[in-house]
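Here subunit A shows up in two complexes: once beside subunit B, once beside subunit C.
== the complex of A and B ==
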């Protein structure tokens, strides 16, 4: 029974019931816990597609461990439970959205039916129909009509438009059967299916208060309904930009202040507040959202995305933290444990693990057989702290939190990462602003000039390398293993230059070498320009002493004379010097007339 | 023989009223009891007071069971969920019952744990139709059996598999198996299916309990 991932302590959950053959394909949005009969006995209600017949759906009510099915006329997309009134006994309404119709049940019996108000068709579609119908009924060009309609977003098309698009060959029968000759409100209207639903407390925050159902349609409309007569109390749009809502969560009180978070298929979350006619994008995610919840006490938004990341945002959409999970997050659920006065978050992972988070710290872990598709927490039967999981394979699992269960909550560690006190950043100076403005405006130019400089620098480096490699000015010849070093002694005008030739060969002596000194005869004069080098035994060196005299043409060196002596070691048989060296002669101390040695 | 029935339930109700009530009511109850006992001693009648604890989850039928032990004319016709706690005193043949029906949430368990020490027997009432909470019953029973004031004592435990009349009710054999009663080696135990509404099965159980307690007392006395 103990399936806890934490092996050191036994599970905090009691396995109350597990039905592997339930075959319940409940979605994230189609499950709820409710005191269905008003006798204080919590029931688990879930809706799914009817698998026995092709069309339709079913609503399953678990009273304890016994299930009862109610057939629905269509596939359900969302299910909510809420109190419509304060009449005793308090029996909640269960509302199931099928297409654009909301079926409301009370105590397992049909109670009310609400249809989402139809909307006028878009101007784009009107234009295409007008073009088609102007030549008289059903005489226009069908292919151009289909083409024009295809350009319009499918979920914004009128019901007729959708029919035409899905079966272009039956366009005649579609139009004839309705006798369509002109565009009227009665025949051309948009009917958008309900995508998701939530509830909003009407006037108090009491747990048992009357709630308003909130519907979000595929076309991006939000309807807040009156719980008594199911008329539309408030209507708004999800967002200015194209938005297809699929998850909605609300917080607050309809009559006072409320906020709703709507997750859209376009990878953004819109915020809608009281008196707003249109929602605003507050969160944009890199990947598709798999589930969304709002924590009741601080209004934080927790989102799972399909890239296995669990995100947390403030109510304004500032990112607080993100955790990389080991597996895909399939569903989320709030776990309010009243006797411990804490609200935890259950995170269902694809591999069947359910992790329980307090803030961003994982405080418990349990697992279910299969990938969880929906998790609910609340009163089941007499038990207040029950965790209900339905897996994609259709297994239904009921678990009960042990009365003695405690969660090691380290409050300081769990504080949201969001900076309550700002970072000690320096004040933005005018210069900083100017610079950042410039960076923003001329980002391309800056980048290009940087790249140019970088390439130039690399080119220079390469050139230098080649130069040293092939200029033949090596002071050491690796092939011949000979090295030359020079020493300039004296203050001028007569310098003594001592060359030291090393034979670095281990066994071979060097012979037949000559040394050539090359100077500009205008400025310098050498005691000898060609010196024969005797045999140098391996491992030893030979010293050559040469006097170089500065002719004192320009003592101040105003003419920028290159004061160099070039030395070449040559072998008579080859034209290429064995070794070449450049000796920079020191400037002569003009005041010093004494040509003595240092 | 005087029976003191202390009924304890783990109640998870919306409206809860806790211990404060208990202490104010407790003093006069035991005060009169003391006088009664003194009177008994004065008259030289050998009477012994026996405490029996009635435990079980909320809604299992403890109050209804206790109500069945009352005289016909003292019975209440309708049992309402116990809010806070209630004290029941009644005379049945020559047995005097005092029943304390109290609400006990997890956090206040320390409060009713004190009764373990002084009780001579336990009546554990189970709603046999509540299959969902059978694991909770097992958890509570295990906690009770592990308690230091209980684990090392030869305490008779009587289980009532109550609500046997319900359609979904599990048999007493199945309940015994689910709770692992066969593993209780050091204590005498007995399970009887009951219907507290009609009184069916209750008498049999109480007779077993009386016999057990008598045996223990006699064994101690000799």
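== the complex of A and C ==
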């Protein structure tokens, strides 16, 4: 991080283009980089709701800095670019999902349209419709029909059922306009909009290989399409439980082995592998997921959640690390840099910062005006390494990575650490098991006796405390908030005793105190026995130095003279000392006392 | 019965006072009776004899002397900068202020006072390597001589006595142990070893003892090395190992002990010495292995049993530790420390009903205020485990009233006050904890956190 990306002089990125008035409201899923015309000139393709006209959407293709709009019949939900064949020149198809229909464009021209197979309606709905249509459209039945339909899950309802539910009063016009008199497959079907898409390499891992589009629908179905004739190659369910996919990422080759990670709105990530009919939950997050990517080299899953945390999991769903970010993670993007042969991760944050991570280490940082809603990295024009950012405000920013840019990578730091590595704890012994058996069997007795002991313990502690209180050997007075500590220095016979008086009060100073040193004059002599203490400001301390001389009455300490000095802190107005302390005087070194001996 | 025979019998039955009386009686009648004089000397020596090998503290290297080999030793080659064990539970063992892990038993080297030699100069503690024991022994001898000293050492003709092999050895022991007069003992030993043409290993050991007492450690090493060439004895190996420990060369000490083990396989004293050495350099695996082999040889060795117990306690197996400590208890040891350890084992092995009885017994037995303070400190943990913060505060206050300079207690009290929201008290207690023990990391870290908030 020596080169921070904030100042343009030291940034690793060159500012290429910034269009603040683009008004492009692209989503995480509706942007891609593709060589649209097949001439090797990379274009940025994004789709959004057309805000100018009432319905529909648009697909905008940036060729260099010139934008070209293509109108879409409906709001786009996902956009992918992929090669459908090996015919030269290689022109990729751009597929835009609008509702349950997939529109495929080639060279900016409509090429194919695919509709997600409709599902049969549920038996419950069939029954309610049958009841309604048999009796003829009588007024009284409408409410019962609406009631019966509401009992069915909304996204399992047929399109007509959904219309009826949302506007029950217009039921007649809805039915009449379509001329519905009986239940047929053609009129009553359940349609599920495409929620997200990804591509899957068909037979080789080559960059220009033919890819299968993978579609995930709101109802939790996954369709893998044939790139040539757009028929369904494979169909699976996202999960056993009800799940609504909104992000999908795939890794692998369709013909060999592949895995797909599907982030669902139910705060979990499902794994789908080849030949599985339904996915399996591998990751469960505490908060909703904001974006998900899979690193291509080691298959690690990086997830941003809305609680400002960036997670990383292994492909089996073991958590590797989590970083708390300063701001909300809005989008993620892989940054494969071929000439450095590394793959970094760009993390877009709500405040407009884009951090570049290598593993769990932040290696670069750059910022954009506004919060980024989608980041893409790849070939733009002739430039191999371009970073395209679209912000929520609709600004489009193109940046180019400097050819000389290097990222200080510490290889050891970035190895995935298995934090779930067990601690080196010893095995549980048989004795432990015996003891836990004892605990189980005599739990009640143990608890009762412990409670009794605890009461006894409290009593003993209180008694001991009272004893020290009466003996006046407490070194801190909590009422007066004053504390004394002492230090004995020297080797004798003359000792230096330093007392430290702390005023623990926050606002009040302490004053009017005196210190009395109580010693047996036969054995000890103090330089001064009564010391008046000046005002001690709140929160500070005062040091008092006293010399105590051992009179050497009994150098061998055979007479068991208590070698103590008692200290009392007194207030002149009260008879009871504020504080009292006992200082044990150390025994003297006989050698120093009498050098002639030993 | 002949009085001398009677005195000898008393000596053998270890009734030294009566033996001394009898000998004094004989000497009054015949002042030149060498046998009685010798016996009296031996009895007086035995009366005050202390096995200094098992009681001597290994003093730290003095900052005043320059026999230190390296001032900045490489890790693993010194007991001071011993490499810390890898991150296991064992590494978190409480340590003394000098950095040694607190062991299950008190053995030489564990009772070292906190602080470096330079720190100790400031406090009233013994400074030089010449331990206070020699001084105390000398003074104890004075007391027994109400009518004046038995031998006027200054008047002794040491060179004369040194030629008599029967008298010189008891005289040396008398001078060394009873009188505590190392200089004269050394002089006698020098004369004696010359008169026996440097062929008696005993005198070399005696010389080394004197040199150690006079802090001439390298000379002592030479004497012991030469003694080893003549005769191999467990004591010599252990003394040599002690010398290397004093020079802060644990690896050489280990080598000496291992060569000793080759001569005396499975010798308990040498294995104990090795175990202590490994403990000092924080090498857990061999330390526990040697203590285990000690227990195999000597099933009643309480030091080894207690040390194994302590190892299990800090290795997260309190239930095994409990078993070992109970074994020590069954062997007849009744000390407050043992009951305290038993209580702690019960606490961590979740034998709730036995915790307080153990601690209660420990409190009843504890007389030393320092031990009492430690027990109350541990009781504060019991209170915390029971979830009673107020009780824990009380326990810590009792602990502090018994030992006002208990830095850990001050720190814990500060933390508890912080939890109850008394920030000014917290700060005062943390500051006093840092002043009491500047080496303890916890109060310093806590203080930093507090000041940053």
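By definition in this document, the second predicted complex is superposed on the first by the 399 of 598 C-alpha atoms of A that agree within 3 Å, B and C clash if a C-alpha of one lies under 4 Å from a C-alpha of the other, contacts with A are read in each partner's own complex, and residues count from 1 in each chain.
Here is the rule we use: contacts are C-beta pairs under 8 Å (C-beta built on N, C-alpha and C of every residue); 3 or more make two chains touch, one makes a residue touch a chain.
In this text, all values refer to a predicted model and were calculated from it rather than measured experimentally.
J.: Check whether subunit B or subunit C contacts more residues of subunit A in the superposed model.
T.: More residues of subunit A are touched by C.
J.: Examine A:500 and indicate which partner it touches, taking first as subunit B and second as subunit C; both and neither are also allowed.
T.: second
J.: Check the residue A:431 against both partner chains and state whether it touches subunit B (first), subunit C (second), both, or neither.
T.: The second partner, subunit C, only.
J.: Once the structures are superposed on A, label A:105 by its partner contacts, choosing first (subunit B), second (subunit C), both or neither.
T.: Neither: A:105 stays clear of subunit B and subunit C.
J.: Go through the superposed model and pick first if A:114 touches only subunit B, second if only subunit C, both, or neither.
T.: In the superposition, A:114 contacts neither subunit B nor subunit C.
J.: With the two complexes superposed on chain A, say which partner A:439 touches: subunit B (first), subunit C (second), both, or neither.
T.: In the superposed model, A:439 contacts subunit C only, not subunit B.
J.: Considering only touches as defined above, state whether A:234 meets subunit B (first), subunit C (second), both or neither.
T.: Neither partner.
J.: Could you look at A:15 and tell me whether it touches subunit B, subunit C, both or neither (first, second, both, neither)?
T.: Only subunit B; A:15 stays clear of subunit C.
J.: After lining up the shared chain so the two structures overlap, which partner does A:65 touch, if you call subunit B first and subunit C second: first, second, both or neither?
T.: First partner only.
J.: Would you please give the residues of subunit A that touch subunit B in one complex and also touch subunit C in the other complex?
T.: In the superposed arrangement, which is not itself an observed complex, subunit A uses no residue for both subunit B and subunit C.
J.: Per the contact definition, I'd like the list of subunit A residues that touch subunit B in the complex.
T.: Touch list, subunit A to subunit B: 14-17, 64-66, 339, 380-384, 398, 400, 402-404.
J.: Please output the residues of subunit B touching subunit A within their complex, sorted ascending.
T.: For this pair, the touching residues of subunit B are 10, 12, 57-59, 105-107, 109, 130-136, 139-140, 143, 168.
J.: Within the complex, which stretch of subunit C touches subunit A?
T.: Contacts found on subunit C: 88-89, 121-127, 130, 132, 134-135, 138-139, 142-143, 180-181, 315-317, 319-320, 323, 349-353, 355-357, 359-360, 363, 376, 379, 382-383, 386, 388, 391, 394-395, 397-398, 400-401, 404-405, 424-425, 427-428, 431-432, 435-436.
J.: Give the list of subunit A residues in touch with subunit C in this complex.
T.: Those in contact with subunit C are residues 424-426, 429, 431-432, 435-436, 438-439, 445-447, 449-450, 453-454, 456-458, 460-462, 464-465, 468, 473-476, 478, 481, 483, 485-492, 495, 500, 502, 504-506, 539, 556, 558, 581, 585-591, 597-598.
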